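Below you'll find a set of structures to go through.
Across the two complexes that follow, chain A remains constant while its partner is chain B and subsequently chain C.
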Partner chain A sequence: MLFNSVEFLVFLGFVFGFYWFLFSKSKDLQNGILVLSSFIFYSFWDWRFSALLLLSVFINYFGGLFIEEAGDQKKKYWALLITVILNLGILIYFKYFNFFIDSFATLLSYFGYHGENWVLSIVLPIGISFYTFHGLSYILDIYYSRIRTNRNILEYTLFVSYFPLLVAGPIERATHLLPQLKNKRIFNYQQGIQGLELILWGFFKKLVIADTLAPFVAEFFNNPGNYNSATLILGVIAFAFQVYGDFSGYTDIARGVSKLFGIELLVNFRYPYFSRSIPEFWSRWHMSLSSWLNDYVFMPIALRFRGFGRHGIFIAVFLTFLISGFWHGAAWHFVIWGAYHGILYIPFIYRGKGLKSMFGAKQKGIDFKDYSAITVTFIFVLIGYVLFRADSLRSALNYYSGIILDFSFQLPSFEGKIRFLITMVLVLIMLILEVIGFHHTNPISIFSSPKLRLVRWALYAFILFLIGVFMNTNVSSFIYFQF
Partner chain B sequence: MIEVKDLIPVFADVLENENIILELSTTADHVEGWDSLNHIYLVVGIEKKFKVKFTTQEIQSWKNVGDIINNLNRKTGAL
Partner chain C sequence: MKRFLRDTSIFILFFIPFYSISIYLFGRLVPSDFRPNILYNTKMYGTTSNMLKELRSKERIDILIVGASDAYRSYDPRLLGGNGEIIFNAGTSSQTPLQTYTLLNDNLDKLKPKLVVYEVSPVCFELDGVESTVDLILNGYSRSSTLKLLFKNPEIQALNSFLFDYVDAVLVKRHIDTFYSVKEKYMGNGYVEMNLSFNKDTTSVVKNWNPKPKQLTYFKKIIDLLKEKNIEFKIINAPSLTDRSYKNSTDFEFVFSESGQYLVYPYLKKFDPVYDFFDASHLNSNGVLKWNRIIKDRISGNK
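And now, the complex of A and B:
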């Protein structure tokens, strides 16, 4: 059940009604109806996925208890190790098994051995990477004594399975989400309005921006040989805004839906394309994943290699990005994309006093005076996006060669230029409104003052009009759902 | 017995802030520049100054300056 489907809107209406009118007496009733709704939501893809989700919940709930109850450090370590292996075992089987088998078979073929086809027909359970990371953060935090176990199994199940974040995040932390589930939520009108506005803004980014750019991007990436360099460059720029509209749009909808239930989710994007460096980009793009990788991958590796100075930092950064690439997809082009970003950290690690922060400074303002650094960073991000968007390493190389080897000074040439141009104008409007709305929960709430009520309603109507005009009749999935 | 004041030179050096103020309850969120990377340099600096070696699990469980002090005192036998 996709967010941008009629079924979801009907489902949301029912859950909202049940939650606030029939199950609002206690937090256990509220949590109960949300857990039930989450499993129904997940079962819409495949009921067997729900069984897997339940298994993940049980592994980490009891894993957490075993780690906490273990008498000494050695037993704690073993309890953690077993729980981590179980989590990763499930993830590897469903997401990476075929990749390993396929890569192994390719390797054997270089030595002249052509075996049978061992690839299994495994369906990737949607959201598995996200809820596995949820569970892992919980047990690792217990192991590191950062949190105590949450003994209320209903609260823990909701923490992992909560439907707004189940399939593509934000990747929540026990310290942020669980405390919100421990008290009865009371309806807050203002929070509800903000939620609806976020949902509307998210739909605008997904249905108007991302879905309109998607067919152009697909055409350029599927047939790079048919287009000149300028068109292919435009194609990567279009993809940058497609993936931003798609994923940040999804996140806005998820955060907005959650606000309707009185629960706040983590912010996931803060103007990533205005970053002045690659480390800053990673502090603004998919922030919940960056901070997860920082705490549970980068830090343990960097601490282990702390005796090696800057080389140790580089090893940790590189391995973190390699894992990040692999997390995004079981394919070599994702792994190389991760490695590419790891390599981009080299100048920051080795120059002057060295890298100050793994994922950029703590301040999140935008400084337009540094426009040259912003432009250079964006170009490096775009170069990486070719690897990210392409279906394989080979097609990424074809795309690069279309830009570089066949370079010519020609204007972009493709069908549907007017529609493309209008969408890019809307991209510009989106960016301007988001920048102006820096201190607001969403750009629409810039006009939240009663005096500006008319402007706000005009904006609601305009966005709905745009959605009506641009919306594709076929419901499209979200890019990050495949991860 | 190691106290907060003994840690200040290491923090001042790593975070390049001579006027840094630390208390037992100070966390990374309270101090400008104390992020994941500087945390590693702080660990290296503390280990060098007090001639101790922390495990990853110990370091990861620190929540504030007080936890570092307690850990140090346990390591050096002061506790």
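And now, the complex of A and C:
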């Protein structure tokens, strides 16, 4: 069940009604209805996926108990190791098995051995990377004594399976989400309004920006040989806004839906294309993954290599980005995309006082005086996006060669220019509203004063109108669902 | 919570007229290339308007033909009649099973046809039905029926067309212009004749038939409805070059024949791909003449 479907809106209406009118007497009833709804939501893809989700819940719930109750450090370590292996085992089987087998077969073919076709027909359960990372953060936090186990299995199940974040995050942390599930939620008017605003803004970004750019991007990336270099450059820029509209739109809807149930989710995006450096970009893009990788991958590796000084930091950064690339997809172009970002960190590690933190210091805001740094950073991000968007390494190389080797000073040329132009104007409207709304909870809450209610409503209606007139009518999935 | 529900409800009351009027003004003032989801004058066939007007005036019909453009362009009641039957062609542009079901459900009790000829176009089973819904809305089909269609098939383009038409007809009282193509003429009883031209596209692209589950459901509902009302029916697929280019044509043959009333003829070889068609999907007047001679006895004689 996609967020951008009528079925989901009906489902949400029912869950909202049940949650606040029939199951609002206690937090257990509230958690119960949300768990039930989450499993129904997940079963819409394939009911068998729910069994896997349940298995993940049990592994980490009991894994957490074993780790906490283990008498000494050695036993704790073994309990952690087994739980991590079980988690990663499921993830590797479903997501990476065919990648390893295929790569191994390719390697063997270089030595003249052509084996059987070992690739299995495995369906990737949607959201598996996200809920596996939820579970891992929980048991790692218990191991490092950052939190205590949660013995209420209903609360823990909801922490992992909560439907707004189940299939594409934000990757929540036990320290942030679990405390909210321990108390009965009481409806808050402002929170509810903010929830609806976020949902509206998320739909605008997904339906109007991302879905409208998607067919253009698909055409350019599928047939780079048919287009001149200017068109291909425009194609990468379009992809930048497609992926931003798609993923940040999804996150906004997820956060908005969750606010309707009185639960706050982590912020995942903070104007990434206004970053002045690559570390800053990673502190603004998919922030919940960045902070997860920082805490559970980068820090442990950096500690292990601390004797190597700046080289140790580089090793930790590079390995973290390799893992990040691999997390995004079981394919070499994702791994190389990760490595590319790792390499972009070199100047920040070796110059001056070195890298202050993996994902940049806390950002103050958007400063257009640094437009040259913003532009250069955006160009580096775009170069990486070719690897990210292409279907394979070969396709990415074809795309690069279409831009560089066939470079010419021709204007972009493709079918549907008017629709493309309209969408880019709407991208501009999106960016302007986001900049204006930087200091608000979301870009369309700029007129939050009760006196400006009519102005606020006119803005909501205007955005709904833009959705109605310009949305792409072909329902499409979210890009990050595949990860 | 009360305040939240109250404010949300008031906003919805504020939004509905705001949106409807904005859609109307935007549709009127902005060129069609700049309003992708407001379709009021693009590719809409004014002949549907004529057909619906005529259909409303009918008290009784003996043979009712339904289906998409293959229906209203391929079955000429003037050629099919002969035994004094009243034959009417209620085909509309890209009519999918969803709209066919609505048309039959709305009209069978009034018209009481003895036979329904359902021209099945496989491609219409692959469509979402927006084009056909918009066609019905803008050509004056009953508002309550088109509203039901919207609920069955909620698509933004159809909703926008509904609102546009409503504001235009009820508030502005200036009905939208009906678009007629100079290449075709409404001949009465639902039949639309094209000026004679020949097919230039004889290459066929091999593809798979991927019907939408919803359309298959409505196809079954149509059969059930006709059986329930005890009306004889025949399911026919008029000659088309594109229908033969499906890799899995046996799939739709199977679906159609499951109804028990599918008439299959080895007819295509009798038609010239250039001189009997005006495009890959439609017969020209030469082809219509041949086709109606073949089919006449089967329909009119009810063999």
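Operating definition for what follows: the second predicted complex is superposed on the first by the 482 of 483 C-alpha atoms of A that agree within 3 Å, B and C clash if a C-alpha of one lies under 4 Å from a C-alpha of the other, contacts with A are read in each partner's own complex, and residues count from 1 in each chain.
Operating definition for what follows: a residue touches a chain if its C-beta (ideal position, glycine included) is under 8 Å from a C-beta of that chain, and two chains touch if they have at least 3 such contacts.
The model shown is predicted, which means the values in this text are computed figures rather than measured ones.
In the model built by aligning both structures on chain A, chain B fits alongside chain C without clashing.
Looking at the shared chain after the overlay, A:S372 reaches neither chain B nor chain C. In the superposition on chain A, contact is made by A:L196 with chain C only, not with chain B. Vertex at chain A: the C-alpha centres of chain B and chain C lie 170° apart in angle, rounded to steps of 10.
Once the two complexes are laid over each other on the shared chain, residue contacts for A:T106 go to neither chain B nor chain C. Look at A:S408: by the touch rule set out above, it reaches neither chain B nor chain C.
After overlaying the two complexes on the shared chain, residue contacts for A:W457 are found with chain C alone; chain B is out of touch.
In the superposed model, A:P300 makes contact with chain B only, not with chain C. Contacts of A:G468 after superposition: chain C is touched, whereas chain B is not reached.
Here the smallest spacing between CA atoms of chain B and those of chain C, following superposition, is 36 Å. No residue of chain A is contacted both by chain B in one complex and by chain C in the other.
Within the complex, the chain A residues that touch chain C are 6, 20, 187, 189, 192-193, 196, 418-419, 422, 457-458, 460-461, 464-465, 468-471, 473. The residues of chain B lying in touch with chain A in their complex are 32-33, 35-40, 43-44, 56-57, 59-61, 63. Residue ranges of chain A in contact with chain B, taken from their complex: 73, 77, 143-146, 294-295, 298-300, 302-304, 306-307, 313, 354-359, 361-362. Every residue of chain C that touches chain A in the complex is listed here, in rising order: 1, 3-4, 7-8, 11, 14-15, 18-19, 22-23, 26, 33-38, 130, 154-157, 159-160.
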